[in-house]
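Here is the structure we will look at, set down as structure tokens.
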Amino acid sequence: MNTTPQILRILPEVILTITGVLIMLAEPLIAKGKSRRPLGWLAVIGTMAALAASLYQYQLPAGTAFFGTVKTDAFSVFFHVLICCISLVCLLITLDATTAKTDGMGEFYALIIFGTVGMLFMTCAVELLLVFIGLEISSISTYILAGFRKHTAKGPESAIKYFLLGSFATAFFLYGIALTFGATGTTKIEAIAHLLTVSPTPKLAIAGLAMILIGLAFKVSAAPFQVWTPDVYEGSPSPVVALMSTAPKAAAFAVLLRILYSAFPEMHGHWVPLLWWLAVLSMFVGNLGALRQKNVKRMLAYSSIAHAGYLLVAFTAFSAEGIAAASFYAVTYAAMNVGIFAVISHVGGYEDRLTQVDDYRGLAYRSPLLGGAMAFFLFSLIGIPFTGGFFGKFYVFTAAIHSGYVWLAILGLINSGIAAFYYLRVVTTLYTKPKESAPVAAIPRVTIPLLFALLCTVSATLILGVVPGRVLAQARAAANATFAPAAMVQAAPATTVVQAVAKK
Amino acid sequence: MLTEHILTLMTFWPAVGAFVVALLPRNGRIVRWWALFVSVVTFLLTLHLPAHFVYGQKGFQFVENRAWITSPAIRYHLGVDGLSMWLVVLTGFLSVVGVLVSWKVIETRTKEFYFFFLLQQTAMIGIFVSLDIFLYYAYWELSLIPMAILIAMFGRERGPRTAVKFFLYTFIPSALFLVAILWLYAKTGTFEYPALKHILATNSGTIAPHALWWVALAFLVAFAVKVPVFPLHGWLSDAISDAPTAMAMVIAGKLGLYSIIRFNLGLFPVQAREFAPWMVALAVIGILYGASIALVQTDMKRLISFAMLSALSFCILGIFCFSLTGLDGAVYQTINEGVSGAALLALAGFLYERYGTYDMERYGGLAAKLPMLATLFVITGLSVVGLPLFNNFVGEFLVLSGSFHAHPGWILAATLGVILSAAYMLTMIQKVFYGPESKMVTQQAMGDMTVREHVLLWPLAVLMLAMGVFSPYWMRAIDQGVANLATPTTHTISYMEKR
Amino acid sequence: MHLVLFFIFGGLCIAGALNLLFQRHPINAALSLIVVMSSLAVLYLLLGAEFLAAAQVIVYSGAIMVLFTFVIMLLNAGSEERTHGSKAAYAVGIPGAAALFAALTYIFLSNSKALSATKLGDYIVTTSDLSKVLFRDLLLPFEVTSVLILVAILGAVALARKEH
Amino acid sequence: MNSSLHLWLIPLVPFAGFVLNGLIGRKLPKALVTTIALVATLIPFVQVADIWFRLNGISLPYVENLGTWIHAGTFRAGFSLQLDHLSMVMLLVVTGVGFLIHIFSVGYMAHEEGYWRYFAYLNLFMFFMLTLVLAENFLLMFVGWEGVGLASYLLIGFYFLRTSAANAGKKAFVVNRIGDFGFLIALFLLIYHFGTLNFNTIFTQVTQHPEWQGGFLTAIALFLVLGATGKSAQIPLYIWLPDAMEGPTPVSALIHAATMVTAGVYMIARTHVIFDRSPLALTTVAIIGAATALMAATIGIVQTDIKRVLAYSTVSQLGYMFLACGVASYASGIFHLVTHAFFKGLLFLAAGSVIHALNGEQDMRAMGGLWKKLPITFWTMTSAVFAISGLPPFAGFFSKDEILYQTFLSPHGGKLLWFVGLVTAGLTSFYMFRLWYMTFFGESRTKDAENAEHGGHGHGHGIHESPWVMLLPLVVLGVLSLIGGWLGIPEALGGHNAIGNFLDPLLGAGREGTTHLALTLAAVSTLTALAGWFAAHMMYYAKPELPEVLTGKIRGVYALVANKYWVDEIYGALLVTPLLIVSKYLLQGLLDTGVIGGVTYGGAYGAQGLGAIVQRVQSGNIRSYAGWLALGAAVLLIVTYFGFTAHFGLR
Amino acid sequence: MVPVYYYLILAAILFSIGVAAFLIKRNIITVFMSIELMLNAVNLTFVAFANQWHQVSGQIFVFFVMVVAAAEAAVGLAIIIAIFRARNTLNVDQVDLMKL
């Protein structure tokens, strides 16, 4: 039996919660109208501590705690680390973007921190109840953050859209849980798998699965549940978009992986083809929608839909390789997307001065660093070799093809071709001569936090693109931790062929 | 020591140079000189290959092979053979030429320019030397970036638009190309060229032939666009006319042609032979099509672009007749195209530097004003026309004579190209240099060639002549490189027996 | 008897829900929602969930709905005007909802054999059994909920506070 | 085994001259340029002469291999030179005449812009021409073949600021290219059938297989003929030669009369082994030759530009040579080639001298009565005129007579061709004497010496005899055109056909008829020539008004001939214009811009259209969004529950 | 004796009505109410299944849902107030500034 103190299994969450509370307590101590940056730094420190804690959790033997509600294994720790990193960078971006703003910044940082707590719980929970709570925490905090610029016309609108539709989807998610519970009589993820085999009404579980899928598909903004994405991204402050386009998605994908692979592996006959369609739909909707976008943030919103599609491709593979690919892709996508939003939030500022693509004209001359970085991230999003984006796609599609989904791969890569069109349009805009009196003329100089954020994201994207070995190994470990069913797809005729040749 | 790592060295040295450029101060002169230094060193490094190349030794040389990513099994596997060696050297050479050509033109944004320019060198050399298809693909895609950005930055008219067009034209097919690669990997479990070649050659039974056919097609299309082959050349003339000269020199031709020979003929000989009739037809159409459109151009760069289309189609023709002579010719012609095309573009560029237009109608009677430039222009023109004792003649002659036995009819048609080529080339020369002086020419007094231009053009001119006269020096390696790709032509053999 | 009660209060639920659907003034909507919730409380009792019944009345009908009415008053929202901003809602949404309903009904009916029947009072969950599970097995979620509430408070404050 | 003859020197010395003058000539003083150029041509001449005298000590054919040029796969071609009787004769002509014309040019071009350029090109020409003659394989021959074309392109376009000159150069090159196309195809066929391009291997192959008749040999031969017609300005490709007169006159003398244009004849003679196997090809050659000869002669009658007259006469004379080859009497063809080199070279030089004297005037109507003013030019010219008109004992008589004789003897269609040749001979002597009279006799129609100060010939005090550097070659060639024919006097006329016998081992002896026949034919042709002279005398000396009267009578025919049968116009309308129109509108406009560009942008806009559809969903209205969600949810639920998608073959 | 699926179908009805209400109602507050309705439907399902399996956890789930609902209500109404301040309307159809 495991002897590790239970608290260690939720150490990062605890640390972050404490940090959040501290921020709340410290907030009133700072006089009105004074900058809230110290709180930001406090949050950064807390997140770093949580990150350290998460890394420490790699030492722990895999096991559950609190009566099997949480589980720390390679999988959960992988996503812990990822989410902590994302929040960390996003906090840095926030620090840079909101220097001027004082009002309510305490809450801002606290909400980011608490939201992170929710996501962390999502990834490590093996009890649907806890998953639900975590999901709600992260969602609610993001709803609020989305509407944080409440004096503007768009801020509250994006909040209300996100909130109403989000709760709408949550209801479905909940219904799904209810039905699953109805089919099995339990809400413990691992238990579901084998209780299903004895359940008198397994078919209810299928309905439950469908409903859960709906809820999570909404969270990861996969078509046809993507509708909210562009509007919300447009209305929210850029640092928040950086966060909500990556971290909650990563968490939601983690949950989806857990549920699909740990609770419903035997039903893959039902959900694999479904995800096939969701993936294709998402890719096409995302990329085609982005083609005509003039507004950068909306364009990236559509692109995030498309990327959700790429990620779902990995799910369809239904193999450990697939999970590894998905996890890896989540990392790469986080790196490049956070990075690009770092640039956007700095250039556009908290108030989004630059929205249209043309506003970015000549950025690469005004500020080679920002322009270059943005171009780099865009290329990574296209999936150019030696960037993380490329390896991400590469592993995803390798997994798909190994499982025999050649057409999926073809469609996917055609999509990356379509995507290249709009990403490249931005790149070329960055590198065309700026008009005189161009908006890019007045970019604030790069601050230390942003510099650090860019450093992290760029190096991450680059490392993932050149020497992805380590991260991939971790992703594999995570995959093996989750994916144990007997019905594992054997996708290695390759090795046999090689051996055959070797014999000759 | 040097010989083990020479390939890595020459591949990454320009990249290193590029990053140094990024750190240099915003000062045109420093950046320029540095770039020149880098490219010269690159060229010298590439010269190491012919110096130490072992003739008659089978397989790849200067091999470097170590693990990169364990699973999927991607290796850092480099090596050259007779096929790729001279192309690498050519790349090195053209990088020097490129810097010299850009010397004056690129006045603003020099840092960006040379950064991407040097990056491009790395990508191109990487393409030629990598033997792991994954690695190859990585470089292949990478090579698009600097090109696209530079076109966008320095495009003559619709820069950004052309850049996107060029990028998509190449990127979308190579997406399918990637699928094909992954599929192969899924089936064979390796990315390494030699291993793949062996597997596909020995037990192709395990892989469905029709599937393999599609894979081969995906490869071919991706390459054909880059060459470009006739109906897929939509990007060419825009790209050539918008790209800065240094980039236009390397945008078309050698990468695609090399890849076709290396992969389509190397990995999929059977499928390649199935495609052959179509490719030959397209090639011949391309030759005549390009030449006759070039005949009616008024813009120098567009004329050159269509001339290129015509010239490159010769290579395709040679490749897909599978006779050793034809293949030799094709590869040789690839190199020639690199040299002559570069010279031609450089010359056009120099005229542009002087008079600020590529419109031939506005020129006239320059020969009296710029005799040296005119001379070199004529020399280059003659090389392009394929006059004997010039490089292109050797290439074209080998291609045509080597292919004749396979498709006499098509070759007959293709040979008409030599008439047309003479027609458009001489028309260009006449419009620009002969006849009475045009208004523009009389109004703007311009000096003849500068030292830089001499330094740049004479080596090219001499090279054209040398390659036309001492072809065996280059041919040895090439012949050895493609020997095993050709189907032995029967009639000559029988003739030999007859004697 | 049990059946009768079920139908009465089930009917009330549906009636209330429909009323929510057709009433145009938010207040009426709120009141009809209260009807639904209260009758749901009764159904909970029938299903033997005493504590939940109580909680339903207190938390939902009490706290939450009061909050609603409070906000309605605060913003003195008049009866809504029938704007036609969305065709999709009718063209796509309503059929969707209908299909949803049909599907769910079909699912439950097709599984009805396997599902048991409830007899009044044969399964009653006392508060103590509830708390046993709640404070032992599900302690962690319970604690985490505090974070959730904290977030909610934060959010409410942050959003509702007037900027100056 | 004989010691090395260092043949390679023969072409390379002129090449060296070209390189020197070409690169640094601009800076050098005229004198030095001149010496370089002359020495560069003198050395080969001397060497050739030396070889000629040591010829008995040399076993022919003598081959010299200078290394591999191309070696790819099984194909191999080397830089190998060969000396045999045929190339010996050609060498003598080329170097000899070439040297003389170099000398002449020194005087003629003395005051031209780009003097150095001129001589550089001239040396370049010598290099290529000698390569052509010495080549031991077809490929090397092709080098010379194309090279002389290049040289002529450069020299025709020497006055490149004149649009007409530039155009003429271009035309010459492109038309030649059409011929080269034929040549290339012939080469491919040769490689295809023999796997090599070496003369000796191929010819031995053919001789070893007497069963090879016609067939692929005919194909090869015909393509070679196409090549030859291009280079030697025969129907259908003769159109470039008249325009080539844009070049400086010595160039016309050297390239477009004496040497380059005869390359076609040389090539046919060189490859006669193949031709002998293909009666069809031979007949073709003969007919082409005869037709060209006649047609050109008729055009020559009405030309008024002195150089153009000569140009057409050249075409016509080349026709004779083709005729000779066509009747498989190659030796006589070569013989005529040699004599023609003498007298036609001379004619051009003399004409040049006249033009020089008249400060660039080329129109015969503006000449006349010059014989007193330009005595030496006159006398040399006269010898040339007599020679070309075929009056004994001048050179032309013997060679032309030999051709006609051989034609008459040839089995198929010989008589007819002979008659055509005869008529042509008459016409030839007519227009030559016409030229003679119009230029040197009658009252002077020259413009006064006021406007002497024009063009490059800046020394205009009236009409004057040319300097000695120009007269010397005239004299030498004059003598040659008188005696040049004597080395080919047929036995019938008491000679001992020296050149014929010399070429025997290579080209085989001509047919032998009876002495009686030979004599009659000779007499006939002589009379024809005299008739021509008489006609010319009547029309252009005795009664100058006669021509108008006559042309008035046959206006239609006259117009036809005067416009050169509208051949240029016809070609323009049938080939050039259509090609341009098709390229511009059909290919570029419709196909390239329309279809290919259209597809490209069509794809882009199509995708964007789909994007628009996607955007329609994003109406921004929450309820609509909810509607989509609901629908999606319903569909997803149903699909999953009933597992519809599971049935698609997704793998 | 009431079969469980009666309750389930009742829940389904309520849920669907909730969805329909979300689609039809124009006033943001009422739209929000319809979400509450949906949640209640789910709760009913939970309780029914809890009875079916005699599992307490089902009921506890409902308990948590209530908490979440309360929290959501707080936040949601705050957002509604914010949007009313910013846009001075409660009509969903007029909250469509961001589109396409």
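Residue numbering begins at 1 within each chain, and the chains themselves are lettered A, B, C, D and E in the order written.
In this text, contacts are C-beta pairs under 8 Å (C-beta built on N, C-alpha and C of every residue); 3 or more make two chains touch, one makes a residue touch a chain.
Bear in mind the structure is a predicted one, so any value in this text is a computation, not a measurement.
Here the chain-to-chain distance from chain B to chain E, counted in touching steps, is 2. The minimal number of chain-to-chain contact steps leading from chain B to chain C is 2. The most distant chain from chain D is C, comparing centres defined as mean Cα coordinates. Chain pair with the most C-beta contact pairs: C-E. Central chain (C-alpha centroid nearest the global protein C-alpha centroid): B.
The distance from the centre of chain C to the centre of chain D, each centre being the mean of the chain's C-alpha atoms, comes to 102 Å. Centroids built from CA atoms put chain B at 43 Å from chain A.
Rounded to a whole number, the gap between the C-alpha centres of chain A and chain E is 27 angstrom.
Chain centres here are Cα means. That of chain C falls 6 Å from that of chain E. Annotation for chain D: residues touching 2 or more other chains are 604, 615, 617-624, 626-633, 635, 637, 641.
In chain C, the residues that touch at least two other chains are 85-86, 89-90, 93-94, 96-97, 100, 103-104, 107, 111, 115, 137-138, 141, 145, 148, 151-152, 155, 158-159. Shared contact sites, meaning residues of chain B that touch two or more other chains, fall at 168. Here the chains touching each other pair up as A-B, A-C, A-D, A-E, B-D, C-D, C-E, D-E. Chain A contributes residues 160-161, 164-165, 168-169, 172, 203, 206-207, 209-211, 213-214, 217-218, 224-225, 227-228, 230-231, 269-271, 273-274, 276-277, 284-285, 288-292, 316, 403-408, 418, 421 to its touches with chain D in the complex.
Residues 85-97, 99-100, 103-104, 107 of chain C are the ones that touch chain D when the two sit in their complex. The touching residues of chain D, counted against chain C in their complex, run 617, 619, 621, 623-624, 626-635, 637-638, 641. Residues 22, 69-72, 109, 111-112, 137-139, 141-142, 144-145, 148-149, 152-153, 159-160, 163-164, 167-168, 171-172, 175-176, 178-179, 182-183, 185-190, 195, 198-199, 202-203, 206 of chain B touch chain A in their complex. Considering their complex, residues 129, 132-133, 136, 140, 143-144, 147, 150-161, 163-164, 167-168, 171, 174-175, 177-179, 181-182, 185-187, 230-231, 234-235, 298 of chain A touch chain E.
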